[in-house]
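Below: the structure, in structure tokens.
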Amino acid sequence: MIKVQSQDFDIGAELAALSHGDTTIGGVTSFVGYVRDLAGDESVSAMTLEHYPGMTEKMLGDIEARAQARWPLAATLIIHRYGDLKPGDRIVLVACASAHRQASFEACNFLIDWLKTEAPFWKQERTAAGPRWVESRATDATAAQRWQTPKPAK
Amino acid sequence: MIKVQSQDFDIGAELAALSHGDTTIGGVTSFVGYVRDLAGDESVSAMTLEHYPGMTEKMLGDIEARAQARWPLAATLIIHRYGDLKPGDRIVLVACASAHRQASFEACNFLIDWLKTEAPFWKQERTAAGPRWVESRATDATAAQRWQTPKPAK
Amino acid sequence: MKLLYFAWLRTRTGLGEEEIALPQDVRTVRDLVDWLRQRGPGFSAAFENMKVVRAAVNQSYVQLDHPVSEGDEIAFFPPVTGG
Amino acid sequence: MKLLYFAWLRTRTGLGEEEIALPQDVRTVRDLVDWLRQRGPGFSAAFENMKVVRAAVNQSYVQLDHPVSEGDEIAFFPPVTGG
């Protein structure tokens, strides 16, 4: 399931809904991303997340479908916020439920890595020097590329 | 932080407490383990988790310290339940907060893998054929052993 | 066709989106970028370095040699930084 | 010394825990296991196959050649199955 929203989310309620009623699920791995107060060595007071409505949902849906094709997953969830956020705020939740622990770990890691390189979101941070657009990190591209070699969980 | 308890836990509240007030945290990876209704091809109606009070806390604390020494973690949490559980119930929560996404993923995966091979818990499942002690799985030992070669996150 | 600009491409062009008629002799995304550059300093600054600009046609990532046609939704934006 | 038995070792021995005096000539966990086996069919069944029995002395995993002494807390249990 894909949710793109400006409001915050309730992790406990979202994970409970994800696994509710499916007793074949052995584990749920989730990742929650937060706004940090530091970018490089500059202090960040707030940020705005801009996105491309329509394409965002399409890309997240594509990435989710790829994970579901690759690992045995009972359910997946991606929630990504947009709009004004401040340090400590939740930005993103990715969760994967599976009968198998390792599949849920790998799929969750895959989803967040690809989301970071494909989902059309842009962060603008507010620092003492004024607002600035965050530059993409080469390490994110590298993290995503390691999934290019098919190597599904046992 | 280590919690060994019979009562259920609130994932949202636990994760909120874990990261609360620390705006250097960029991500929290968590794993929740659930009671499955199937063991092999037998239906499981309930289970009892027995543990070794004292040693459980000691081993979980040791494993947590190892993870904190190996990855840059802002906070870690392990909650493990014991007592009577039924399919769909939460058994365990492992969560790792870090400035760095990949560190939180690897540390969380490491913790659950080691917990499964070192923490003194034993599952007794109730099936149509009567109660039976769950046998340890070779795949769990293999999963834990892959962390023997030091290879921390970049 | 509909053109969309995000993040600093929006700031530099001064536009979030616009409707234009397919310009003459524009067959590909690259042709379109060349045409846009000639519209003024904001546009030439936005499309100065195509190594840091991504393009999507109808909400799918494309290369610069991808064809464009009337009715397409074409978006330009920097490498993404969500998550 | 305090002896603890968990899971099916508890079921087979019929005991969760007990206090015993260190038996004569028992120097290691292996000596203790040999001594326990002679206590009756439940104990010999519990310690029949040491490949599926783990031992801990004072709440740390040990090998069978680990020394034991008066005052130790010694636990026997199957490979763990938590998580």
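Chains: A, B, C and D, in written order; residue numbering restarts at 1 for each.
Operating definition for what follows: contacts are C-beta pairs under 8 Å (C-beta built on N, C-alpha and C of every residue); 3 or more make two chains touch, one makes a residue touch a chain.
Remember, it's a predicted structure, so these values are computed and weren't measured experimentally.
What shortest step count links chain B and chain C in the network of chain contacts?
Steps on the shortest route: 2.
So what's the Cα centroid distance for chain A and chain C, whole Å?
Averaging C-alpha atoms per chain gives centres 26 Å apart.
What is the distance, in whole Å, between the centres of chain A and chain D, each centre taken as the mean of its C-alpha atoms?
48
On a C-alpha centroid basis, what's the spacing between chain A and chain B, in Å?
Centres of chain A and chain B (C-alpha means) sit 22 Å apart.
Considering chain D alone, which of its residues make contact with at least two other chains?
In chain D, nothing touches at least two other chains.
Return the residues of chain B touching two or more other chains; collapse runs of consecutive numbers into ranges.
In chain B, the residues touching two or more other chains are 33, 112.
How do the chains pair up in terms of touching? List each pair.
Pairs flagged as touching, ordered by label: A-B, A-C, B-D.
Give every residue of chain B touching chain D within the complex, in rising order.
33, 49-52, 54-55, 58-59, 80, 91-92, 112, 115-124, 133-137, 140
Considering only the defined contacts, which chain C positions touch chain A in the complex?
4, 6-8, 10-11, 56, 59-61, 75, 77-83
Per the contact definition, I'd like the list of chain B residues that touch chain A in the complex.
Against chain A, chain B makes touches at 10-13, 15-16, 19, 21-38, 87-88, 99, 101-102, 104-105, 108-109, 112, 139, 143, 154.
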